[in-house]
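Look for subunit A in each of the two complexes below; its partner is subunit B in the first and subunit C in the second.
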Partner chain A sequence: MNSTVDESNVVYTKSLSLIEKTKTKIGQNIDQQFFATPSSEISLKILTNILNEISDPDVLKPVAPHSLYKFLIRLQDFVQDIELSTSAHIAWPIVAYWDNIWFSFLGKDNVHVFYSLTREHNYSISQYSQRLKLYLKNIMCQEDIDRIVCDDIYCLSLASIEDDNIPLYANIAHEFGHALFNNRRLQIETILIKHFATIIFSISNELKQDETVRLKIIKRIHHILLRLASELLSDLIGALFAGPAFYLSLYEMGWGGSKHLWSVKLSPNDENIRSHPGFNFRLGCIRNIIDMKDFFQNLRDEIKRLNMEHLYSALDFIDDIPEGTEEDRVKIHPELDKESQIIQPLLNKYLHEIKREYELFLKEYDEIIRREYAPIIEMTSVNPHNVAELMLRLDKKILPNIIPTPAEPLLGTPARFQDILVASSLYRFNLLLKQKSDSDEHITKSAFNSLSRVERLTMKAIEASFIQQNFKKWNNEG
Partner chain B sequence: MSILNRKDIKNRMCEKDYSKKLLITPLLSEDQIGPASVDVRLGSSLVVPKKTYIESQDVTESELVQQVERRRYDRIRLKYHTKFVLHPNTLILGVTYEYISLPFNTFCTVASRSSWGRLGLVVATASVVQPGFRGCLTLELVNLSESPIVLYPGLLVGQLVFYDVQAKGSEEITYDGRYDCPTEAGLPQFFVSRESKVLDREMAFWRKGYNYLQENTDKKELSNCIE
Partner chain C sequence: MIQDVLSITGEYADLWDYLKSLSHALERANATKNQSVELCDLDYERLIELADFFEDSCVPKTIDRLDSPESLISLLSEKTSSHFTSSIIDFKDRLKENSEFKSWLQNSKVGFEKKASRLTETLREWGKESKREHFPAAVPEKEFRIFYEVLTDLMNDAQIKMYQ
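Let's turn to the complex of A and B:
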């Protein structure tokens, strides 16, 4: 008996069922009341509109069933990002603060961000709406896509493995930097070309391949340099918006790897090339941006005033963090990519010049950011007096949420987020140093207990202070 | 032991040395300090027990207690300006918005504010706070009325009454209990070990005694059958 298998029909029916399944999943699993920030609602609305639109037989007709099926499978990741953006996974007091910064920074251009989780031990930001648009191209016309996905949305993923490690939340500022880079790519590229023209020219002269291959290699090097610049520019934003807390969180993110390695991961699509500068170079750049020496000297004076000299150990440790970059080297993956063998030695040969140009680029862009975003930088500046007072409170196992003021002995002044974050980061390092010197046989338990205490006190302080400031504002207005 | 009045409370709150300071932070308004008490607010962290299929709650079975915790409770972090409906005859655990630090010479009790009490809302059943305690207070919220009660984080629901501990040598009193600077609604911690405390071992003793009795009864019954 002959049978004709029409796979298209099978896939089409399965896709229709998947549309309904996804709609039901959204309805049952996502409780909008618990979204950490309002932008999750905008993203969810877009997904719901897409599902409604593709349920319409008139829209579906011209779509190849396999394309529709593939899109729906990919859509599940987008749904999961929103599922993980509720206060069950994301600490709303922390992202509420960053959301205010985001609004002043990029929100006015109608660019939104929502916060989700990743299982990687890393923070990342992705162009949520852009990725959606890209996948939708296979099943919808551009006009419909632009009508449905009209907002520019980013998804900022926090490392779930460290979701209680509050000081690492300073990395959020770094991720904002990537969004800025995307928004201003043309302007930044122009500045970079000015800095790197000589180096690119020298590298080009060393290439003996035919013209086509030579141009391809130069194009790839251009993308590598662009990606490295994106990381360094994001560090600049991290340093300006989160100060020493960002320095410490970046230092911690570098644990477990080489501090001298400049890593590059090639991809057949140059836009997907990933590259990261060496950690020591990055830390050195941050020190130059935020004048750590001056800040720590003032902090030492404040700590001395409070008779808390035992808290110097964290400051001494940070002073001694090695930042030498003489051993820096570039490593390019995958080694099987035959151009990696050509690009790697060239970048290593010119690494010294490349580093010098990046330092100049950062200096130039630092001035631009300080000029354009002066109010945010003023708002996020860290006060050594406040940080010392908050470290004292942490040392006494007290919520670091108030700066004592003689004028208001009972209520005090609510501490600012950035001061809490820096005090917590520094105090946490003090504990890490203390645990090392302890000979307690239960060191794992005591390390966990003391670190988790600082984390929960920090989290609660941020919540208490956020509400106190809002209440004060409302009270003064009323 | 005497109850502290407003003046005493303020004096202890204005103390500069943190080890001697009565700390209730943050106070959103000085009006929270009454003639002989301080009003406290509901925080954002809740633990909500759920209907479950576990047999019973035997707190002497340490492993079982930890295993069933996830089956018995939902943890919720409410955003402010979001309501929570507490249905009749329901117990949930809440937490104070304020963080408390009691000096060695101060003892404290927690109670419902009278207006809420008249609605049928009880905020604390285990109401004693020892000198030296630091942390947010877990509230046991029960709706004893016939109608649901709507709660919002930030509402003033409870009040703290402070007592002066005058006994000699009270400077040496330090709290080393199971609850180390809690900031969220906390589940009972029967099995957190404490130095110089025997309660945990005592639980095991009572449990072991029960098992021993059962084991011997079974053996006796078994030997009777063989005979």
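Let's turn to the complex of A and C:
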């Protein structure tokens, strides 16, 4: 074992300097007063405690300098997540609404979430504290890690490029689903294994490899099925908490790609395997969860009552979204992973059975969620009458924050977040469809103008609605 | 772009880092023979992790349990100790290719699995004894060298995959 003493010393000194630099950066760049939600403070405190701990030379004695340096490089991403969690980057009325839902959903189990941004055109949630713990394992003993990182924290990253695209905020509910999946992993895994045992057993009988390898492949397939289940369960939560807005949002996220592709990305760490079911299958599952047909029929009636039939186009479009899943296939990458070519044909062979089991699993879990979280589902249910009234207001370029009543046509009753979200999603789709029929020379400017108007009106309405709800709560308490 | 192992991130970078921390603990354990290093809790944890990782990779499970869907349920419910289970093939292959292990195996009557298992036991026992006695036991140099060489090979593999 040839020791590279000199290089280690240099890397060690560079690491010590980076510890101080990171401390200074946190002190200068992060102002706690502007955090969009309070959970950012808990995360910041953990990072500060870690930096203080690793400033102690005794703690660093057994640490590989290269591992320490690599940890500090990674830590910069964790710091940036917190830097971007201020209201300068995050629309606080929206995340405040979702934060209330989170608290009723998982907050009671002492699971926290804070909101940040990603440069990707997508939404994601990560196990902030779990990831930290995993990286800390290379430089700190378990007892110290558990003492310093004692809270369970998630970081929900919003798509920065879409920060004005309010209807896509429905995806936040989907991301909550991933947190539920992790929080109830044991229970969900038990249900899933029951559903998939026969299929996995049949697959294992087709494997010709030696015992250790066979077992490993089976475990990887098990992880792939778990990740797919996590996506579908998250869709279930998205559909239950954000209704048709989530359906439209998911449909939009699937633009451009094949709707039949089930994608799997293997990883050297099985816990990091990523897999996504085909979009048509996902949309079909949502249609089974929320009674879309009933909702849209009622909405049509309400729109007709308001003599606004030109707003039917989005509803007609949704009716025509293709549903077929016969052409579905699984594609696994990266190809440099030797097992991708073994697993791919096996999953394709059993895909029909796998889909059937997922439908049964979702049915079973839908009942569990509706039973356990009835108050949240009641709170987030969408009303077709309200949605039609708000679409009308958007069409008249009026803030969609009030549902008029016969007695109070002007002041009415304050609109609820979820009704605003669905109305805005549907109205926005009407605009996208309308632009297509306009002449090309006008389309760029008019699309921008009309879409940004809807976004601004929606954002203001959500803010007004949030303040009205808070006022109501405060007034009732008084 | 200049390839830089320390600043690159991603799954294979994580694997490299994991292996590096195991390898560092092994180096420190080896250095106890000169009494130049005093081992800490982190060292012992990393050595146990190395033994677990090695065992998951090279010591076969009783596959007879996979004779029904029910047996599969209990098997899949078991947790492996290491996060990087999918490096199993590489670890086993690398050990089989290791020249010192190969010659050790040739001169012995026991098979690969038994020998691999003995290697892990030696590491575990050394760790236990050193911790209990608060004084490092005699370093099993040959076994440590085999571990170190296999870890180095795996780190090189991970380094190449980082850039692919």
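Note that in this section the second predicted complex is superposed on the first by the 455 of 478 C-alpha atoms of A that agree within 3 Å, B and C clash if a C-alpha of one lies under 4 Å from a C-alpha of the other, contacts with A are read in each partner's own complex, and residues count from 1 in each chain.
One rule holds for everything that comes next: contacts are C-beta pairs under 8 Å (C-beta built on N, C-alpha and C of every residue); 3 or more make two chains touch, one makes a residue touch a chain.
For clarity, every value in this text was computed on a predicted model and none was experimentally measured.
Chemist: Quick one: subunit B and subunit C on subunit A, clash or fit?
Modeler: fit
Chemist: Give the label of whichever partner, subunit B or subunit C, reaches more residues of subunit A.
Modeler: With both complexes superposed on chain A, more residues of subunit A are touched by C.
Chemist: Pick one for A:R356: touches subunit B only (first), subunit C only (second), both, or neither.
Modeler: In the superposed model, A:R356 contacts neither subunit B nor subunit C.
Chemist: Quick one: is A:H121 in contact with subunit B, with subunit C, with both, or with neither? Answer first, second, both or neither.
Modeler: A:H121 contacts neither subunit B nor subunit C.
Chemist: Based on the superposed arrangement, let me know which partner A:R456 touches: subunit B (first), subunit C (second), both, or neither?
Modeler: In the superposed model, A:R456 contacts subunit B only, not subunit C.
Chemist: Let me test your reading of the model: by the given contact rule, A:S87 touches which partner, first (subunit B), second (subunit C), both or neither?
Modeler: A:S87 sits against subunit B, while subunit C stays out of touch.
Chemist: Does the superposition put A:R305 against subunit B (first), subunit C (second), both, or neither?
Modeler: In the superposition, A:R305 contacts neither subunit B nor subunit C.
Chemist: Would you check which partner chain A:F471 touches, where first means subunit B only, second means subunit C only, and both and neither mean what they say?
Modeler: A:F471 sits against subunit B, while subunit C stays out of touch.
Chemist: Between the C-alpha centres of subunit B and subunit C, what angle is subtended at subunit A's, in steps of 10°?
Modeler: About 140 degrees, rounded to the nearest 10.
Chemist: In the overlay, answer first, second, both or neither for which of subunit B and subunit C A:P409 touches.
Modeler: first
Chemist: In the superposition described above, what is the shortest C-alpha distance between subunit B and subunit C in Å? Please give a whole number.
Modeler: 32
Chemist: I'd like to check the shared interface: which positions of subunit A are touched by both subunit B and subunit C across the two complexes?
Modeler: Subunit A residues touching both partners: none found.
Chemist: Could you pull out which subunit A residues touch subunit B in their complex?
Modeler: Counting only subunit A, the residues touching subunit B are 33-34, 87-88, 91-92, 392-393, 396-399, 401-402, 404, 409-412, 414, 449, 453, 456-457, 459-460, 463-465, 467-468, 470-472, 475.
Chemist: Using the touch definition up top, name the residues of subunit A that touch subunit C in the complex.
Modeler: Result: residues 1, 3, 11, 61-64, 66-67, 69-71, 73-74, 77, 134-135, 137-143, 189-190, 193-194, 197-198, 200-201, 204, 210-216, 218-220, 222, 266-272, 334, 336-339 of subunit A touch subunit C.
Chemist: Subunit A touches which residues of subunit C in the complex?
Modeler: 6-7, 9, 11-15, 17-18, 20-21, 23-28, 30-31, 39-43, 45, 57-58, 60-61, 63, 66, 68-70, 72-73, 75-77, 80, 83-89, 92, 144-145, 148, 158, 161, 164
Chemist: Contact residues on subunit B for subunit A in the complex?
Modeler: Its residues touching subunit A are 10, 13-14, 16, 18-19, 23, 25-30, 33, 44, 75-80, 82, 97, 99, 101, 134, 136, 154, 180-184.
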